[in-house]
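You will see two complexes here that share chain A, one where it goes with chain B and one where it goes with chain C.
Let's turn to the complex of A and B:
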């Protein structure tokens, strides 16, 4: 029988560092797409409150000590770091844990790095916010673990391109900072 | 050019995919006369001024949006979720799918 080797989406690609900027992979959390079923919105919000979260309004994220839920589109949110306990029958649930590459960009100038790739002004982007936008030509989900740092999610199949693009922008921003 | 997504807010045009005239959302009923299908599929005005068309927030929230804009000034006058047209039933917990007044512009 073939023995498959488990690899993370950014294995052998991350971490990378440029001056004070770092990009590293975030691994291991369960990711569930939560899409409310018709008429179940209020019950779903209550069930999510039991998980210490809630239903996120557009462009927002709600975090507890161990988990988070991010608004990722019209009538869709991603539950990250928690099992979708008690959500059966209230929402369409899809396990997407292996479908996304997740990475964290940190350091002074992190917003300048993303300014080269994302058509949003992220200078004031802070915890509690979530954005669905594009990173280069890739769909991406952005959140802020703290102000000035970014958690970036892209489709797993685009991990290498995303790392390449972000690393390239990191090099340019740190080279400019060194002038 | 920037388009105000009713959910995401002001976004760069690059995030959107253009579909065509808003008439595409008004599909003729089954059994409609050939003339109605002809008009639906082929006959378009080409106004110098206000026009309404469908855009998809492809790189954002994946909502279909009806955009009212001016072809002369390029101003985006109003946007609303296509799902809000004649919708019945409940949307998501945040009421994202529920009918709301149009974001900007005059009432129809």
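Let's turn to the complex of A and C:
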């Protein structure tokens, strides 16, 4: 029997380019929420070290060459790009791979674009940091693949609104830059 | 009239624009006001109440008179101050509040009726008959009195909101602000310097004085060059800081594209900033005030500082023959500058007997202006001295009554300023807004040298707060003479009204009348006279008005007090504040994975919270929603239907205490639920009212999956987090929303199993999936979760797949269902199906109903405690006096009715005293061929069989209905168990 057709959250929405700014979709990575079970924190941190990562402190992210784990809330982190091997029994795990639209915003002025939508001071936002905040009226998870670029996660169902709002801000920032 | 060799405008660049259809030209750097004055135009508008001809009075954002509409059609912006609007090629501006034209305004008749239009006129006159106020008087008055109007059409131009952060926000880029910014910037602090003008420099652009041995504007340019080159400085021109808020947050309005010809389509017109600053310096300068003398509102009567600004900055003489009227030395500067520029100064009238004797112009010491003439523009003034009266022909009168520090932002958190006798004005007190320090003229330091020093001092103090070392910054040489003011507010001799608030047409007479009628408090006077309530928010009139009030009530000014200032400092367009909220931008849209497939099938998508769900799926030939809905219902009852139920909340709950936690939040028991089974659960709020309901599946020994209603998904998540964190933080429970991860579809109807089996490699093992069973299956190569649950009363399943497969699965399921005589069904059919079964939604659990009310009191376990149990057992929350869930059938099946109708005893009068209950949900049941309703009826469960009177006063329905069991269809539930 033929396998069901797959669609990505931002299919037909991305990429968009505006001057030197681009917004594209990040697809394919497995995303697992990791929430340490009671008394298992130390063992969990050790198990994550084996994956080349660790347990992230609030507002931080830890990355290896192929995977990352980012703080997403009280006793909660998202493991991205790796299978949650060896974490069974140490943490409550849920598959979040399909629940989020993941986008990368790059180019000069990317921080200015997010300054239109996110109420955080992102000028110094750099790899190793993670933030949960709002993007317009949507809640979002932010990380920095490098300084000045942003990985943005919003609920999958809100992908269209998020793309629309980020694109709108990109156009406004580009128009200002062109003055 | 332009003066050769004066001003900072770019005389090489001519700019053409229109005002009231007439063509004008100005230069790059002109404001609408300066260009029109240069073109000899003194008449800018009509006053608010009396429709009196008015000209420009100031050169800044405090302008009360020269309000115009800029742009055309939907893009027109009303009430733009001509003093801040930069001209650009092709600018179209119109005057306001006049008909048919600015020169001849029919409503000027109001001015003749002025004796009747005193303060409180409307309150006294239009008292009776009461109903006439809203219907007749107010609309008439509103039409006659007024400002510019919006077009009433949707403006599609982009506006913007943004956030900014800094160590130090400097508000105002005059001498004090520039010095503060320079001091802080050199010390390495992150500085934002915001100024509302198109060009930074403040009064230094408007005066002829030197700073550091060079022209003021040259010093400004040097400082700006240095600041502009520093990476830690952000210069924000055309940006008015409009409000001071908690936590060091400031609102600011930036004009981004409103001054440009052919602004790019994507360029925001304005941006509303929220600037978060660790420290702030208020260097907003001061506003010159008028003196209240008879008929002081004619076009051509301006503040002395504005006359100077037009001359020195824009190279424009505001008149050919000018008089100056003042009570301080600063007024003399105006006369000196005019004389130096070759403009005739007829006289300087100084109220002080001991005014310094000038060279180059005539001084009338100890004189007062007691009258003016000139209908559309000043022609003549009357000057009275102890020795007699003199008429002087002038076309411009420059008035200086002293300067009021622009301390408004300092008052935004309810602080009150202090009276400074030396400058006869209020000054800010320290600490009125935490972290904000005023300096320069805003703090009452009125000399340039003083402002420069004060700016540096304020910056040094801020740097010390920020833990930074201040770098050495030298103070340039500058003017250091005082204004030697003698407080003088009002000319009491002469005939005619003396205006205080030009924008709202409030005169000294109005203030005295208020005092006479015992509105003696400054707050009462303000509201009675409307002084200070116009777009300029009293910037030009507050201090003079309270001085007159003080005089009228025999008190001193500090004793009289002042009204305070609230945000915004200047009018802020709603378009900027609400930027991003145009049209669908109002709220995020949440789309289900089957959205596109549903729209392709013609389904109208309706909002459910932020979600969009298909209402119904019309087929060719179906004319009404009801036809589609009825067909979809029968498809489910007779064959199979497919419905996207992904929007229901899904919460993954894990941990050794997960079962115990569910026992605590649900009224019924979940610890006894076997793995692979689903149970319906009821959840109460702390106060005993029903919070939500839904099913929870046990996926493993310590792993549950809760579903919530669509509307309450976020609410329930918050509730669970609260219960865990507040009541049982040491329990081993972890939860997270997985609503977005899974696309879930209901497959319901007698052929549901056949449909499912057609997609599986082997037929479903029925032993593994009994009614209320759950588990994992593989469907077309994808791992899925299957739940045998039903919200329709039919045999049914819900199947969940990772969201990436949602659209594919939906299309496949619907195609197969249709080949089996079934259909996709939407919200309408879903609603009918559940009403037929008496299943509740938030129409019934609306926050005021208990488990008892909905007939589920048996679900509240007696063996354990749960959230809301104790409160739910309070007297009055159960028993025959409660309105209880019942079914309603109209005695005549074809008679429909609406939700919201009320129930009465059969022969009772339908008035609220006899109210017995209300209808929550209604439908036409194609299954039972009758209208049905769910309702809450007093003691309803004991009244099955009784006929009640259903009355809907709103829709005009009045029909008899039989009270019945709310489960209308298949009350034994055999069909679902099958």
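As a convention for this text, the second predicted complex is superposed on the first by the 175 of 179 C-alpha atoms of A that agree within 3 Å, B and C clash if a C-alpha of one lies under 4 Å from a C-alpha of the other, contacts with A are read in each partner's own complex, and residues count from 1 in each chain.
Throughout what follows, a contact is a pair of C-beta atoms (placed from the backbone, for glycine too) under 8 Å apart; a residue touches a chain by one contact, two chains touch by 3 or more.
All values reported here derive from a predicted model rather than from experimental measurement.
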Contacts of A:86 with chain B and chain C, given as first, second, both or neither: neither
Partner chain(s) touched by A:95 [first = chain B, second = chain C, both, neither]: second
Partner chain(s) touched by A:127 [first = chain B, second = chain C, both, neither]: neither
Which superposed partner A:174 touches (first chain B, second chain C, both, neither): second
First (chain B), second (chain C), both or neither touched by A:145: neither
Partner chain in contact with A:44 - chain B first, chain C second, else both or neither: first
Chain B versus chain C as contact partner of A:116, first or second or both or neither: second
Chain B versus chain C as contact partner of A:75, first or second or both or neither: both
First (chain B), second (chain C), both or neither touched by A:7: second
Residues of chain A that lie at the interface with chain B and also at the interface with chain C: 36, 38-39, 75-76, 119-120
In the complex with chain A, residue positions of chain C that touch it: 158, 160-165, 256, 264-268, 274, 276, 580, 585, 587-593, 610-611, 652, 654-656, 730-732, 734, 736-742, 759, 761, 779-782, 801-809, 812
Touching residues on chain A, where the partner in the complex is chain C: 1-9, 33, 35-39, 75-76, 91-92, 94-100, 115-116, 118-121, 123, 136-138, 155-162, 164-165, 168-169, 171-172, 174-176, 178-179
Footprint of chain B on chain A - complex, ascending: 36, 38-39, 41-42, 44-45, 55-59, 72-76, 119-120, 131-134, 139
Complex contact set, residues of chain B against chain A: 7-9, 11-12, 14-15, 59-63, 81, 83, 89-97
